[in-house]
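Each of the next two complexes has chain A plus one more chain, namely chain B in the first and chain C in the second.
Now for the complex of A and B:
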């Protein structure tokens, strides 16, 4: 049997990921409501002073996304454990790196969708308006979600097979994501509050660099993670 | 050998720590601004350094765990060669031509000359002034403003040119003895008439000088040597009229205005930065080659895994001590237990990251999986170290930047170095002992596999 090329394999596997998400929409819905609840909780914990909420809106949005991402990432490998689906994929004549790219892209797409849906509640709950408009915000959200999902996918693959995986994934992932979180929150704040000093570019540059490094590292290291020990 | 080291290392380490405590607590002078609190640095800084060193060791053994010795040497050597070639190429293609275009003159330093700014400057501006001087009005103010803009990078030194009015030059240096160089300079530059003796006295009292002391200095001329040295330097450089400015030896043409000075200073900094890129590339190349060679010393995969575990645990220990001491230092210095100083913050984040690494090792029972997975996590975490540091620094720089001591006194350096070596002895000792423990654990696991199967195996 001919081995499919890497892009072709990624395409097929990504289709599988998305189909899986679509057919289990209940999970996506639960995730949406979870992140919405997180945003609500931030208002209860810090409100009702609207100005304080406005100042921190970008941070609360990204913390909401981050908390949901841990659940989404963990879930994306838990389903592979059912019926030993991951073993089946490993047996297929597909490059393991394609598996990483498809999984990470699927997670990034899911998180991007989630964050896009969260924008409206954020604007409403924290009373913010977008000074720079939706276009730059979309860019920031997609880049931030890409930054979460590349190392997140590697770590989710690891922790899904360990004991205490629900504690392990955030413990491994959160410190790693500090630079990405900083850059994403700063960029979002700039999109919300305006960017008089032209800082958005450099923060997006940091986010881009983070993405480049961790998509590269994940691509190199992921095959070692899922090969059978 | 092992027995000798087993007894010797602790004895040497404790002895060195005792000497280090004496050096740090008694011998070294209290720090100029922060006083005795600063002494915490003598243990805080070595602890953090040792933690970083342990992380490097952890990284090397983790890479070695994922790669065999020969490919490791090959990849490390190739990466190192690539970086060195890139650095040398950049030097030849960009840096050297850019430097060749710049004309530089040698200006030897002179003690006791009027000067301000940092002691370890990247930019040294030497300004010749004297009377008469067209365009000297406001010169000292302009240079002070420039120093504020390039605070911590720039040092400004004045030299005086005897010129047509040697009396004025002497008067300026005599005023410097009272710390009034700039004041007298501005008062003189504003004077329109000739600067004869009565005019000088009027100007001096207007500038707020202690006039009798100043006149006594003028008749005794303690500054004569300096004046001669300045005149000789000026003659050597071919300076005939004031003002004449040199930035790192580059003669600056045109009037001394803040805008033109900034252009020159930024250009000079950019040149230095490009030189730094070369050093960085070559340095990184050598480090890559060195680390891969170090990794190739680790013979078996089991040794690499045990060394990774040992160094991570010891590193977390030293890191925790370092962060704790940093917080204790921050309280009296900055008035808070925690400050978002980039170094302290990155150290704390690292501590959490490597605690996660150690937790992962505890939560995976299969030895092979544990080794490979933790190696992957170690590599990913290590790569994050510089990113965290620079992003936190960046994030901080948009708020106010906390001043951290840069100009360290020589006796502080001695105490710091000594304590670092004392800590290094303990780093080696702890890592070695922990490594032997890991090896023994690994062996016992392989001899008697755990009777409780791992969760993953049950599911499969």
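Now for the complex of A and C:
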């Protein structure tokens, strides 16, 4: 038996993540309804002031994605906890770095899909159009979802064994995500309202830097997170 | 050379959970290809000992060598040669029996994983249910799939924690056959069970634990 390389192991594990998501589509549907309901509630809470809704559209979209991400991240480790499946993988043995990359990429893919579905309701509910078009928005959404999923995967693994895991995950994650959230919201607003001062590149740079740091940290720290101390 | 001579070696191994010592100064040596029956009441430390040998837990004190390697310093190398059948099945509930075994086979680098998995599913009597999600399986079927998972790895040391639990008579007979096949193939086996007579028929050595300490049965 020849053990697979790290990229091959990531590929196999990513296939498992996607197969699990496909097998449990009800969870994905619940996530979609939850995030859509969040967008809807913001529009009701702020009333019929269209200009106010347009100004805050990017923020409301990202808050919807952020709240949903807590459910998605927690769920991704609940599946691993059933029958101690994660223990089974680490004793196989599977490289813990491959486990992190596959899990984080799977979460990023799920959140990216969710955010893509939310674009149309956002445009309809908040009466906005995309001044810079769909391409730049897709880039912002993918980078923002990558920024949530890397630290989110590490913290979901840490909190998965805690008694108050549902409370612990957002408590750990939300403060850490402030710079990424700020950059994602500003970038989205620029895609919606136009970018006459060419600021989009700077905000995307901040998102890129955040991703670089937290994907690197997750890659290095995840083996310590899942092993018995 | 040591890897060939010894399946595992425990030197004054202790493991603590909070203030409670689950294992206290356990020393033992099992030769390669040997078979050991592990007995003791509930909470005597059998599962903890198996988990320490499998490197799922680190010992609090003492030294553990498995297949000639240090279980703490060379964890990945030890894991490559050891397989654990635990109380928990390590299976994904929402994947099918086939998907669960294929995932492991691909991660282990098994050659021709599909045919190896097909063969294993037939061997454990789950060929007809290969596409069914594990969530629909009975406890006995899960146990059969879990032993298939262990056998797929072809370990040098197989750790079996209550392998007969939840199985019907036919399942128990099949499990005994799997254990005999493992020992016949030169795999060292550690079998923890409350069914002492059944275990003694399968193992040549016995270790009895009381509150984490080795005692006479």
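As a convention for this text, the second predicted complex is superposed on the first by the 227 of 229 C-alpha atoms of A that agree within 3 Å, B and C clash if a C-alpha of one lies under 4 Å from a C-alpha of the other, contacts with A are read in each partner's own complex, and residues count from 1 in each chain.
Keep this in mind: a residue touches a chain if its C-beta (ideal position, glycine included) is under 8 Å from a C-beta of that chain, and two chains touch if they have at least 3 such contacts.
Everything numeric here is computed off the predicted structure, so don't read it as measured data.
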item	value
First (chain B), second (chain C), both or neither touched by A:77	neither
Touched partner set for A:100, first chain B, second chain C, both or neither	neither
Touched partner set for A:91, first chain B, second chain C, both or neither	second
Touched partner set for A:23, first chain B, second chain C, both or neither	second
Touched partner set for A:2, first chain B, second chain C, both or neither	second
Per-residue touch tally on chain A - higher for chain B or for chain C	B
Which superposed partner A:12 touches (first chain B, second chain C, both, neither)	second
Partner chain in contact with A:221 - chain B first, chain C second, else both or neither	first
Residues of chain A contacting chain B in one complex and chain C in the other	84, 87, 229
Residues of chain C that touch chain A when the two form their complex	54-58, 75-76, 79-80, 82-84, 86, 88-95, 99, 103-104, 106-111, 133-134, 142, 149, 153-154
Residue numbers on chain B that touch chain A, as the complex places them	66, 349-350, 352-353, 355-357, 359-360, 363-366, 368-369, 372-373, 375-377, 379-381, 383-384, 387-388, 391-392, 394-395, 398, 454-456, 459-460
Residues of chain A touching chain B in the complex	81, 84, 87, 151, 154-155, 158-159, 161-165, 167-168, 171-172, 174-176, 178-179, 182-183, 186, 199, 202, 206, 209-210, 213-214, 217, 221, 224-225, 227, 229
For the chain A and chain C complex, residues of the former touching the latter	1-4, 9, 12-13, 16, 19-20, 23-24, 79, 82-85, 87-94, 228-229
